[in-house]
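Take a look at the structure below.
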Amino acid sequence: MRTIWGIALVALVSVALAQRPAEIRLGIVTFLSGPASVFGIPAKNAADLLIDQWNRAGGVSGVRIRPIVVDEAGGAERQVAEFRRLVLDEKVDLVIGYISSADCLAVAPVAEELRVPTILFDCGTPQIFEERRYTYVFRTAAHAALDSVAAALYVLKINPDLKTIAGINQDYAWGRDSWELFKAAIIALKPDVRVVAELWPRLYAGEYSTEISRLLALRPDVVHSSLWGGDLVSFVRQGLGRGLFGRSRVVLTAGEHMLQELGRTLPSGVIIGARGDHWFLHPRTKDDPAHKAFVEEYRRRFGRYPVYPSYHMSQALLAMRSAYERALRDTGGRWPTREEFARAMVGLEIKTFTGTVRIREDHQAVEDALYGTTAQTPQYPFAILERMLLLPKDLVMPPVGVKSLDWVRTLRPEVLRQVPDPR
Amino acid sequence: MNPLLALFDGLVYGSLLFLVAVGLTLVFGVLRILNVAHGSFYALGAYTAVILGLWAERALGSGWLSFPALLLAPVLVGGILGPLIERLVLRWAYVRPEVLQLLITFSLFLVLEDLQKLVFGVQPYFLDRPLQLLGAVEIGGVPYTRYQFLLVLVALLVLFGLRFLLRATPMGKILVAVVADREMAQALGVNVGRVYAVAFSLGVGLAALGGALASPTVTIAPGLGAEVIVLSFAVVAVGGLGQVEGAALGALLIGLGRSLAVYWLPELDVLVPYLVMVLVLLFRPVGLFGTVEVRRL
Amino acid sequence: MPQNRSDKPLLEARDLHLRFGGVIAAAGINLKVYPGEFLAIIGPNGAGKSTFLNICTGYLRPERGQVFLEGREITGLPPRTIANMGVARAFQIPQLFTDKTVEENLLLALAAREGFWRWLPLRAKDRVEEGQRLLRALGLEPFASFAVAETPEGVRKLLDVGMALALRPKLLLLDEPTSGVSSEEKLHVMDTLVQALRAQGVTAVFVEHDMDVVRRYADRVAVWAEGKIMVEGEPGEVLKDPQVLATVVGVEE
Amino acid sequence: MRWPLLLLALLVLGILPLFLPWLGFVFTLALAKGLAALGIALLLRAGLVSFGHGLFFGAGAYAVAFALREPGRGSQEATLLLLLALVVGLVLGFLVGLFVSRYRGIFFAMLNLAFSMVFFALLAKFYHWTGGTDGLRVPTPTVMGLVLERNVFGEVLFYASLALVIGLSLLLHTFLETPVGKALGAIQTNEVRLEYLGIPVQRVILLTYLLSAGLAGLGGGLTALAVGHVVPELAYWVASGEFVYIAILGGIGAVPGPLLGALVYELIRTFAFKYLAYSWQLLLGTTMLLVIFFAPGGIWMLLGERRQRVASK
């Protein structure tokens, strides 16, 4: 008996294996040059780390992954050309990529045309799935609505009798979306709040002394900013030198990725967002074995802790792996076609290093949001987060088919009661 | 909002713009070359200043040493890179038509951008020791860092220093002569080759000085150079190409324009440099101080 | 070529004043040029002779005074308008298109006169033929396909004048047509030039230093010194006047 | 010697995309940039370098993107959209040309740069109309009324661009033989003499500027249709610098020069992106320096006889 089952099992496995491709050719597109490489490099590091690990353990469902990395530089026009080259010349099976919203919006229709599953891992524009339906394009990270609504909820929890707010955001789409949504959320949750200043420095301006003088003079209760990378560090350091953080409470919706760069200089009391719940000392999952292993391995290889772009990339890869496994179950062991893989992505619920992510039927992922306030402690050479607040997905993300701004305007002060106190 | 603050912020930003752009106008004045690679020397100045500052603090233990580092960086960058690039690349550019000169420096910019990335990597650097050591002071209820006053002071020093150099020292007079009439200066036995090398190195040094002085406030990361180029073009075009005083006025105009925008019309912030440039060029195409070259029949 | 005073002057300068810094170029110039005549303007260097040509062709604007062409005022009009009114200029230093051949320079001048904006090739048949005729008239035919930079000074001088002639002007203003040309070539250049001008009945004003050329080719001569016209008249008498000899020529043999 | 080589190149250009489809897309982009570079080459003949033609390239692209968002059959038709891009380029070229045609040399370059940067900043700023830095999507238009599958449209667009570029090249070739075309070189060597011949130089420059702007607008329109998305970066000064780069790389001596330059440029970029992910700018920079110092006439001149046809100053 045993032998018959044994032979049948071996046959079954060999048949299944026989249809397995030699490798999964995975295109990875992220910034390797220019100012945005401050996101791109940590993301690439996370990809290298996980792919090495998985390949050493036999790959995804037994098939090794062959990454083909492309620099996201050169603008939307160049990236569309590179996407076509990846698909038609490098014959990739799947693409994970795109930090810039312009690149996401440009590449998505091309992915549909060439029928290649594409996972957008970081770009924050809310519009992409609100204006159009895709079959091959997914996003495994939340978008600007999460960061702005969560920021508003956190700010009002910390400072219930908030009176005045101001915004300093880079004059480009991400900055505009972030501020528009934050302002709408605050006013929806507390209609009597006054906006004293909306400042729009040039992207990569790097020099904010005039804006800081204005903010110092106006003394708003809260200053909101979605600045990132070198601009964020410049703004913080120029503000620090003149006591901006003493006069107003500053909210940095994408602050998490620059905490290690700012080191000891960043004071306590600054509100930090992590574009999702990506924090290596996550209150619930910092001791989770898989998470701890990832953080340790990342720190060993790259000398720094992973930041939210690294987590966003890990989410995309974890989603890919689960989708392959789910698709294989659906096809009964036959390697899935691209369409089958795409169908397997919809409705996927995966466990990530810091929490869980669900991919809705509009292909947009929803995840919890984490906000906290900085604190300098002896254990770490940079500010870490305390008074953290974990906000559940459906409190911070618009439902399927509703435009972010319209949904944010429907928020009412009562929502605040559903929000736990930061601990 | 008392307007005094807007004026002071405009002055500070203008000073920084002047320090960034004056090297560009000097190089054009003498060599008649618009150096698109000017932004790369700015970035190299910033990188060198930060590396020297960090090393000085670690090795010699005192933060105050970061100030001399700010001044040493431009000397190194200008002294080493200036003659090297002038000899290797620019020497061939002088005889070329104007359009090719522009493209030569544009290509030089592309090369330097990647070399900078290979040498300094992509992660951001910063050293704000000079900012912290000087502390802040309050004016009209708004704290300003003393470093900002230092910037204004240094800008004035560089402006009057250059004016003194160009007007009173023998080397300066030769530079002015070459600017006025290259052929005549050559006919009078001026070693124009050496003058070019000195002028270009001085231009590179000034660009690096701009970068070094800005380094305590901004973050040094890839792409720093590209942003500065168009901004310094605007300053130099408004002031009049080749005119040091022109660059000072151009920088002040754009600086004040921007601070007025931030205080009253924030939406215009990103447009100010180019609007000022277009407006001035439309009414005085040679810039406020520029001179028209009349073709001799 | 006798010309009668009764008909109206082709070109008239009235009370022209112009100073460059300290140098007085014109301080009350009154001069008339009659149709068909060859008027030479002589005078010490830097007296303002070339400036007069630049004022008449609109390159410079006088501080005071007017210029009339056939009775109509042309002061201050741009050079191209005056050129289109039939006033052509040749230059002391030949102003040529160094990126083109001798023939192409001439063809461009011919095209400027007629058919410039038309969607037809520069080397249209009739234009090339007219160009050949003009090249033959100026003796430049052997140099037709030479690049301008590779031709001797005399050829460039003739080409410069030829391009002015190509416009079939009423009035031709020449600035030292024989300067920079070797003495043997000088007469050859002037003969070719004058013959071409007479053939087209073109009135010419030329600034000149060589008294032989003035004596041989000028119908009338005007002596220009310190921004004024000292004396005007037949070359024979004017060049005998001791005062003219002293100021303009230095003591002649 | 060069003309048979040109025909061979056209043949290869036409056949290759059938075997390597993604190259077809790269060639379409190259042809679009080649058109803009052709416009730049016209101005370069007159000694005028523009660092601002991204303005017309971007304007053409955004005109197509805006038109496609309007309802109605006409606004969906590819041929009409390209015509619109051309017209927008011509109109803007006339308006800007009125100002810039009075200036020369560095001032001409700077004024163009300033205009294009104002346009770039406006594109990024008017977020609610232009989508700001996210840009606008350009859906697939109909071709001669036919609704085409996206990849079929891509191929049709490539061959249409090729035919368009060949047609325009012949047109430009004849233009350069006309008196106005011949006068361009004369503007660089002796503008004053042209005025003395009665030629209104400013009007010649305005006409040439108009043509170059139209070509850039058309190039922008083609790029918008090919890429399917438009972003403000199309009008950034580096994009304008690229057109100058391409014109010089290819050589401004003859009409095919800039087109060849565009093809070589796109291939170098694709090659550099693939193998030199970290230092593609280094490769582009060194290539241009080598071309300027050792082949000032550009690649086109290299292919032809050694004689330096364009006399350097």
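We call the chains A, B, C and D, going by the order they appear; numbering starts again at 1 in every chain.
Throughout what follows, a residue touches a chain if its C-beta (ideal position, glycine included) is under 8 Å from a C-beta of that chain, and two chains touch if they have at least 3 such contacts.
No experiment lies behind these values; they were computed from the predicted model shown.
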Farthest chain (mean CA position) relative to chain C: A
A-B or C-D - the one linked by more C-beta pairs in contact: A-B
Distance between the centres, which are taken as Cα means, of chain C and chain B, whole angstrom: 50
Between chain C and chain D, centroid-to-centroid distance (C-alpha), Å: 44
Separation of chain A from chain B, taking each centre as the mean of its C-alpha atoms, in whole Å: 38
Distance from chain C to chain A - Cα centre to Cα centre, in angstrom: 78
Numbers and ranges of chain C residues touching at least 2 other chains: 59, 95
Two or more partner chains touched - positions in chain B: 117, 267, 270, 297
Where chain A touches two or more other chains, by residue: 32-33, 171
Chain D partner contacts - residues on chain B that touch it in the complex: 28, 34, 36, 89, 92, 95-100, 102-104, 106-111, 113-115, 117-118, 226, 230, 233-234, 237, 241, 267, 270-271, 273-275, 277-278, 281-282, 285-286, 295, 297
Of chain D, residues touching chain B in the complex: 44, 47, 49, 51, 99, 102-103, 105-107, 109-111, 113-115, 117-118, 121-122, 124-125, 192, 237-238, 241, 244-245, 248, 278-282, 284-286, 288-289, 292-293, 296, 312-313
Touch list for chain C against partner chain D, complex: 57, 59, 78-81, 83-84, 88-89, 95-100, 104, 107-109, 111-113, 115-123, 147, 149, 163, 167
Interface residues, chain B side, partner chain A - complex: 1, 5-6, 8-10, 12-13, 16, 117, 122-124, 126, 128, 131-132, 136, 140-145, 147-148, 214, 217-224, 227, 258-259, 262-263, 266-267, 269-270
Residue ranges of chain A touching chain B (in the complex, touch as defined): 32-35, 37-38, 41, 171, 197-202, 204-207, 209-211, 213-214, 216-217, 229-231, 233-234, 237-238, 240-243, 261, 265
